[in-house]
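Labels run A, B, C and D following the written order; every chain starts at residue 1.
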Amino acid sequence: MNFRAELVIEPQLYQLSKAGKLCVPAMNVNDSVTKQKFDNLYCCRESILDGLKRTTDVMFGGKQVVVCGYGEVGKGCCAALKAMGSIVYVTEIDPICALQACMDGFRLVKLTEVIRQVDIVITCTGNKNVVVRENLDRMKNGCIVCNMGHSNTEIDVASLRTPELTWERVRSQVDHVIWPDGKRIVLLAEGRLLNLSCSTVPTFVLSITATTQALALIELYNAPEGRYKQDVYLLPKKMDEYVASLHLPTFDAHLTELSDEQAKYLGLNKNGPFKPNYYR
Amino acid sequence: MNFRAELVIEPQLYQLSKAGKLCVPAMNVNDSVTKQKFDNLYCCRESILDGLKRTTDVMFGGKQVVVCGYGEVGKGCCAALKAMGSIVYVTEIDPICALQACMDGFRLVKLTEVIRQVDIVITCTGNKNVVVRENLDRMKNGCIVCNMGHSNTEIDVASLRTPELTWERVRSQVDHVIWPDGKRIVLLAEGRLLNLSCSTVPTFVLSITATTQALALIELYNAPEGRYKQDVYLLPKKMDEYVASLHLPTFDAHLTELSDEQAKYLGLNKNGPFKPNYYR
Amino acid sequence: MNFRAELVIEPQLYQLSKAGKLCVPAMNVNDSVTKQKFDNLYCCRESILDGLKRTTDVMFGGKQVVVCGYGEVGKGCCAALKAMGSIVYVTEIDPICALQACMDGFRLVKLTEVIRQVDIVITCTGNKNVVVRENLDRMKNGCIVCNMGHSNTEIDVASLRTPELTWERVRSQVDHVIWPDGKRIVLLAEGRLLNLSCSTVPTFVLSITATTQALALIELYNAPEGRYKQDVYLLPKKMDEYVASLHLPTFDAHLTELSDEQAKYLGLNKNGPFKPNYYR
Amino acid sequence: MNFRAELVIEPQLYQLSKAGKLCVPAMNVNDSVTKQKFDNLYCCRESILDGLKRTTDVMFGGKQVVVCGYGEVGKGCCAALKAMGSIVYVTEIDPICALQACMDGFRLVKLTEVIRQVDIVITCTGNKNVVVRENLDRMKNGCIVCNMGHSNTEIDVASLRTPELTWERVRSQVDHVIWPDGKRIVLLAEGRLLNLSCSTVPTFVLSITATTQALALIELYNAPEGRYKQDVYLLPKKMDEYVASLHLPTFDAHLTELSDEQAKYLGLNKNGPFKPNYYR
């Protein structure tokens, strides 16, 4: 089950919309808060560890790792690996995410600065050709390369299909690519998404994502004529909050209720929404 | 210097706007990403520890703490105290923030569930009367109470000005409020903001906040007629990114640049903005 | 390969020695620093996550977990789960380890205080009957129970072999034990060691453990007559340090050397040992 | 109050003992577990942050720090700074501590490798001349230098008393040392112990240390003739455990008691000691 399919199609929705070719209203559920935080941040925090262990049995402690991209997925990967005792470097193109990486305790580098020394390379950018043949040529023997970001474009795997390199499938989802001098790179899932190919997804996260999608469809179906045009919309904040509230009992979590006086002071309805739409 | 003054006036801007009484365009710089993350999250992560140490010399290890509110300020306080070995409970009204607290490893409770057992109570809600006399009556001897949130409304300090309670000023910014049975509550800064009253603010954070404010004013001043109406605006993403990029050299941080091919693939300008306006 | 076999036999060595029945010199390699820290602390920090994921796909974020025992294994399990967003409680019999758990940010409880609310129970004590039928009867539906400690004595699995309980093998190493009211407990590896049964051991850790054992055997074999009597010994500190130094190049780690002046000041040989034997 | 005075005199005790000049029995309380962990590890984890903030108001997030020495004090400093978002490098002479630093996620370097790039230098070695003039000459402008280790020998402060360098006292305990080209080094407490000079010590830690010392004296005084000779002893494990048990109620911590059957299985007395003397 491709639970992150919308990651792929969501930029296309905006492109269709811009081009005037979107013929129905669409909901960008991928950018709802619950989806971003749970499916991307919290889920990837766990699945990066799980995916690497199941495929390579690598010990995280003391390993040097470079994570390309410090969005929600990158933040999750970095937090998990740092907690397990890895030394993590980050690459970014966006100065805001870059500054966040600095403040969270990661050296912000260009890939070429650390490529010779790292033990693991992880892509989480949503971009293409983030790791190219030139980078792969410089990695050290035994370096593990994988993609947590999107589709199969982030690592230029095609560039490794050349006559001088030998591919050896060592187990399911794990290939050794062997250079003429004997150097081996450990490529996971042939550059496709590690968390979809090599780890499991907790039912709790699936439940959050599926609830978000279902509510979006119900909203589009029930909305009165004219509420939505042929454009791309974010999930209304109140629905986002509703998805979260449905999942709190799992943790025996007890929400505080606003008093009338407090609701008035804050200018809020006691039942939400509690935040403006732009709040993350 | 009141570097978080805009926290107080920003909801008032929206109220003025709603009431049709805003007579000039206004920029809500408080909700720009750099302001939210740096002034609130990262700065409070440090100033909560600093403020508590300078006033009370308390040891954080093993202490039970309840943090009311899990927005950026609350997230910073919780992360710091957890890292120092405190056991942290969180209260929230918003189910999304509540679920984040759960996933970050904090028990989500109502204040009354833990008020008898905690050593420290910290408010970070932006709300009023979050800690009231009834809560204060139930705290244990020596409990420290302080406000990291906003203004001086979060703790109902006025309710402690009654004849049966004795106030004793033990040092600057620190009062012991003494119950008839001898129980003492340690009230910091008389319920005003701890981080403004009892800790310092790093110049780095001041620089980010001041840059954001200056750029907002320059933008409003220079904007062509008609770009902004009598309403409240968020800082354009590109300026937010510019503020961040100005502060990267402090960390010797090296940003990666998009190739032409990558910019085209992502549909982005190579110089940003790199994210949609709603992105946090 | 049973790489932790000595955990089982090491108390027996001391008992044999006390009883005057030890007929050869023996080396307690289990209590060497490198073994304790690497095989127990650092390895278990990773294998507790791996073992739980591979068997149950559980999400760690927000889960309530009780860890019985706060020795090196317990410390590793607690650190990993706390880092992944679990809320962790600890039980202990030793006041020193108990105080460490407090300072590290864990609530120290008796098992009965939290048994009804936790999602996962992990034993790491080296003791027997730490989790008994009475505890199992009170766990909530879906609670996961496993043993990271020693042998198969920590959980009283025999007490679950009664007619009113149904056992259902749901996959390799995973049994559902079903109560008459439908409640299911998820028992892993039938109470045997989770990290040996359900996760892999990094080769790096095996290398440290095997090196320690090999050096101990070489030392016993080569030692001049009379150095060792029929007793149990700890590995000489210098060998412990040698094991560590052999594994530093893996991390491209650069050791600092003492100057002559510094060695004299500290009263140390420049090549070690650098610490007294009792140092940990 | 010099609560860590014994740090200084303890190596001297062993030297006196070796030289046959110790004329009374002595107890090395500094190396008892509670002293090592609480006074050194847990206390320094907090006082490094406190000492730096009170003297320099530095922001920890994103700063590059080198910590010389990874014993208990160094471990505490590193853990605190990593948690606050600093990037931490470690130097060590002992391969065991060095390997621990690696597994805890710190790059192990020689001081000269990172001296040009770090923002803060902290010594925690117990050694002399760890930071010498040559290192100080290469530090970048604004670098903060301080000593958490022992006495005032770790930083060669005398080497900074030369005519071409200007000293400027900017506030109590803070000197700027100014190079001819204008570069300033921020020297704290003139190289004496930062945690004694510039931060406070929680009463909880003082209580543990004082209890340990008092019990050692009582034991030496009450011990029957012959139990102790003119030598240096470690505190008996049972007393160490007693110190810990006296401090558990502060945290409302509930210790588990061994059953008769369990005590027998483990070969322990139900009241302890629970660990062998060499256990840390």
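To be clear about the criterion, contacts are C-beta pairs under 8 Å (C-beta built on N, C-alpha and C of every residue); 3 or more make two chains touch, one makes a residue touch a chain.
Treat the numbers as computed from the prediction; the structure is a model and nothing was measured.
J.: What are the chains that chain C and chain D both touch?
T.: Chains touching both chain C and chain D: A, B.
J.: From the centre of chain C, which chain's CA centre is farthest?
T.: Taking each chain's C-alpha mean as its centre, the farthest from chain C is B.
J.: Using the stated contact rule, I'd like to know whether B-D or A-B comes out ahead in C-beta pair count.
T.: A-B
J.: So what's the Cα centroid distance for chain A and chain D, whole Å?
T.: 41
J.: Can you compute the centre-to-centre distance for chain B and chain D, using the mean CA position of each chain? Integer Å is fine.
T.: Distance between chain centres, rounded to whole Å: 33 Å.
J.: Measure off the straight-line distance from the CA centroid of chain A to the CA centroid of chain B, and report it in whole Å.
T.: Between these chains, centre-to-centre, one finds 27 Å.
J.: Out of chain C, which residues touch more than one other chain, so two or more?
T.: Within chain C, the residues that touch at least two other chains are 42, 61-62, 84-85, 102-103, 107, 251.
J.: If we count contacts the way the header does, which residues on chain A are in touch with chain C in the complex?
T.: Spelled out, the residues of chain A in touch with chain C are 42-43, 45-46, 49-50, 53-54, 57-62, 64, 80, 83-85, 117, 199-205, 250-252.
J.: Where on chain A does chain B make contact in their complex?
T.: Listed in rising order, the residues are 11, 15, 31, 33-34, 37-38, 42, 91-96, 98-103, 107-111, 113, 126-129, 153, 234, 240-242, 244-245, 247-248, 251, 253-259, 261-262, 265-267, 272, 274-280.
J.: Over in the complex, which chain B residues touch chain C? Could you list them?
T.: 61-62, 82, 84-87, 102-107
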